[in-house]
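Common to both upcoming complexes is chain A, partnered first by chain B, then by chain C.
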Partner chain A sequence: MKKVVALLFIVALAVLLLYVVANMPPMGDPENPTATHVISRYLERAEEETHTENVVTGVILNYRGYDTMGEVTVIFCALAGVLAVLGRERRGVIHAFVDRSEVPSSVIVKTMVRFVVPFIILFSVYTILHGETSPGGGFQGGAIIGGSMIIFTTIFGLYESSRRIPLKVRASLEGAAVMGFFLVGALGLLGGGNFLTYAWPRVARSLQPSLVVWLTVLVEVGVGLGGAMVLISILFAMIREEEEIAPAP
Partner chain B sequence: MAARDIVAAVFCCIGTFFFIIGTTGLIRMPDLFTRLHPSTKCDTLGACSVILGMAVHNGWSWDLLKLVFIMCFLLLSSATCGHAIGRSALRRNIPYWKKKEETEDGHGA
Partner chain C sequence: MGAWRHFPIFMITLPLLGAVLLPFLGYARERWVPYAALLPLGTSTLLGLLLMGRIPADGFLSYHLGGWEPPFGIEIRLDYVGLFLMLVVCGITFLALVYSRRYIGKEVSGGQRTAYYVLYLLLSGAMLGFVATGDIFNLFVFMEILALSSYALVAITGNRNPVRAAFKYILMGAPSSIMVLLAVGFLYSATGTLNMADLARRIAESGYTEVLIVSYILLVVGFGVKAALFPLHMWLPDAHSIAPSPISALLSGLLVEVCAFALVRITFSVFTLRSSDLVMGTADAVGVAAVAAVLYGGIMAILQKDLKMMIAYSTVSHVGYIFLGITAFTAEGLTGAMYHMLDHGLAKACLFLCAGNFIYLKGYRRIEDLKGAWSQMPWTCFAFALASLSVIGIPPTAGFISKWYLILGNVKGGKWLYAVVLLAGSILAAVYCLRVIYYMFFQAGKEGAWEESWRDAPPAMLAPVWTLSLATLFFGIFSSLLIPSLLKAAAYLL
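Let's look at the complex of A and B:
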């Protein structure tokens, strides 16, 4: 009986999904709603309006700045949820964290991680700062920093990595992404425009391009740092959880 | 120009060949250790041949430096990865594959 109900439900879902797919606009058609509204303006005028060579960055951080601010807030809320459930890591309790796996990591792995992690962080800095001219940007760079710290933590343990990035630093930088957006928005108000407008009417026109670029870089750096710290904090909180589930043998 | 393209194509074909071999081995081999053997070939021989082909195709430019860097990091990290997996599996006494008819002392039945 249960199986029949499940099968019926799946069939109904499949029919619904197929019906929706059949009604979707054909792929690659220039008459599609996605291609007729704002996309042509983005492609034609993004470079002169947002002063970024990378149209994607222009769309994400400038045209759809509010949207991205919401996304950044979602990431911050994810961290807040994880911390509300799992709590911060407590180094006093975790202090005795050593390599408890059956096989301690070998010298080769430790040396390689020590050697590679700085390069990964260097690459992420490049990704963040070069975001407005090449593919990449704050989100990607932050994710790369988070990944490098995940490697470091799996090899050297929570004690070592939370000594490198102490709680004080993380707690103050976790909101950097949201704060970066609010700062740029507020600077827009100071400059005589609306919230989150990169163009300031009270500033000379010749200064506008460099102003827009600097504000974009500010947002990028904020998003990168904030995203990285959020990822690292979530990782640390989860490691503590694992420790409590599986105590030392 | 044509000769350079041919050399690049040959290198890329060698790389793809090793990728196919490695993936086939990963699926077909019976246990962890024998799977580790072909799958590490993907990164070293396969990817490095493809990168070499791209470098030849590209000629002298700054992109060549980037390709060399990618190759170095690929070699280092993939070798380390294979070492870590193999060592961990060996120390954890993960059983390795034997032919069915073989007895404990390794001689055929």
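Let's look at the complex of A and C:
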């Protein structure tokens, strides 16, 4: 009975959604409401107004920066939720990593990971810092750092990886994204604008482009570091410590 | 234009910033965390009170974030009704936070306490941002924060039952979030904008009626789940009764109402009534669901053996009240709904905190255990009784005022049947509340259930409880402070 009701509900929802899709404005039509209203200003004037060549970055960090501030708060909130239920990883009792997988990772894999991870992190720094000129930005760069640590942890275990990024570092950087946004927002107020104004009215016009770029980079770095640390902390919290404790000699 | 223009953004961001900074204090001095958490919420309350006189009942404060004029940037659009609800949120979150220190100190183990306060501040800040925003995608973002933090707060003790209740909550909550997100996407595809005021204009002239209809339905269902409207309420009784009591107070007293308010916004500010018959048609369905909610919630509350479960079902019933006020489409009905958000918030928070007192001191959860509670915990019992009167709607409590306007609004809107249902709901409320009061005051307790020594909850827990219960009395007697402005604001919204 329950299954039938659930199935009916899903079918009804699917029909409803397909009905919308069938009636939506045609994809890619230049006459679409999405192509004619706010987007035209973003495309035409984003570069001079937000001083970022990448329009997407201009929109998410500047025009709609408040939403992004909310989104990074969501990420922080996810971490707080995980830590509230699972607690922080307890590194003190971990002695060594025991590889219990059926096929233990070979020397080749270990060497490759050791070799590749620094380059991945270097690439993420590039992604973060180039966010305002090319595709990329804080979210992507942070995710890349997180991904590199996931690779490292699967091969070398929690002990090795949490030694490289100690709890102190992570704990103090987890809120970096939200704090970066709040800092830029509050500075905007001091500069005579509204919250999250990048181009401060009190600053001379000629200085504004470089000011906006610096503030954008600041936010990007905050988002990148904060996002990366949150991902890594969530990963560490989810690894169950029993698997990590070395057997008694 | 002075500095007060910036107050709303500070009311929203200070709790969020506080949430990010608290862990640092948590590592250094964990004992201070509960006090430090009060700071941002207290400041927000203060700023809200300072704003109170500045926003006219028939106008709004528009704040452009980043200086970008809407629809290009995000707008905070705070009208009188919004500010009113923000103040309710600030006040109740502040009081429940005061209460939390002792209660959480006992219920939640050491390492998790800081996480509790972090999530608490995130939830409060998200509710404030949710109410104030004038941008539909921003509404979704804040809904995500408040949903995520409330899932985690339900599960915070990490025991089996809370985690299960939280999981049930997520199973209902996550699809509802997706529905809202889809609806926002559909609306954007049909109009090309996300700003609510701009959406209202462009919806009126948009040709994509089918897309608009489905997005409205998705929004109603999506927010309906979060607001626990009758057939979508299944998560509520478990989550609200199993969560730690201050969190139950927040979820029951504020969260469902804030989500109901989002629907008010969507209905009156985005899909303006004039735009189509669509709103009216959906409103009929919502009205029927609300009637069912009032009766079902009331009857289920009578059947419960667990005190917090009973209060949770009472919330299901009262959500129905709020929706009946909204669907009346009269200024009186909307005023009643808004005032009900205030007095239901106060009374429900008070009831849950009283139930928390019993759990804190005695570990008693069942209603039967409360027989003769009066002899040992008179303060808690009297506060419970006073808040119950407001839930039932007996003058001079605030519950009477709101029910009066709800009934008046429905009668004026020609919905006599709904008015009768509202009265019936009050009778049901009287049955389930008076049963508890009867047990507390007029029945002898079991042998050994209450010791001879006279020991009520500590003052740090009684003070918030009594502030809440006296507030229901205050807003009942001095309803003229708010009602005229609310009537005007409601007429403006319509």
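FYI, the second predicted complex is superposed on the first by the 221 of 249 C-alpha atoms of A that agree within 3 Å, B and C clash if a C-alpha of one lies under 4 Å from a C-alpha of the other, contacts with A are read in each partner's own complex, and residues count from 1 in each chain.
Here, contacts are C-beta pairs under 8 Å (C-beta built on N, C-alpha and C of every residue); 3 or more make two chains touch, one makes a residue touch a chain.
All values derive from a computational prediction rather than experimental measurement.
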Quick check on the superposition: with chain A as the shared anchor, is it clash or fit for chain B versus chain C? fit
Where does A:112 make contact in the superposed view: on chain B (first), on chain C (second), on both, or on neither? first
Using the superposition described at the top, determine whether chain B or chain C touches more residues of chain A. C
Would you check which partner chain A:33 touches, where first means chain B only, second means chain C only, and both and neither mean what they say? second
Kindly classify A:55 by the partners it touches after superposition: chain B alone (first), chain C alone (second), both, or neither? neither
When the two structures are overlaid on chain A, which partner does A:237 contact: first (chain B), second (chain C), both, or neither? neither
Let me test your reading of the model: by the given contact rule, A:87 touches which partner, first (chain B), second (chain C), both or neither? second
Tell me the contact category for A:178 with respect to chain B and chain C: first, second, both or neither. second
Please give the least Cα distance, whole angstrom, that chain B and chain C reach in the superposed model. 34
After overlaying the two complexes on chain A, where does the chain B footprint on chain A coincide with the chain C footprint? none
Under the definition above, what is the set of chain A residues touching chain C in their complex? 16-17, 19-20, 23-25, 32-39, 41-42, 62-67, 69-71, 73-74, 76-78, 80-88, 171-172, 174-175, 178-179, 182, 185, 188-189, 193-199
Show me the residue ranges of chain A that touch chain B in the complex, using the header's touch definition. 102-103, 105-106, 108-109, 112, 115-116, 119
Residues of chain C that touch chain A when the two form their complex: 6, 9, 13, 16-17, 19-21, 23-24, 27, 63-68, 71-74, 111-112, 115-116, 118-119, 122, 125-126, 129, 135, 137-138, 141-142, 144-145, 148-149, 151-153, 155-156, 158, 163, 182, 186, 188-194, 202, 206, 208, 210-211, 214-215, 217-218
Which positions of chain B touch chain A when the two form their complex? 73, 76-77, 80, 83-84, 87-88, 91-92
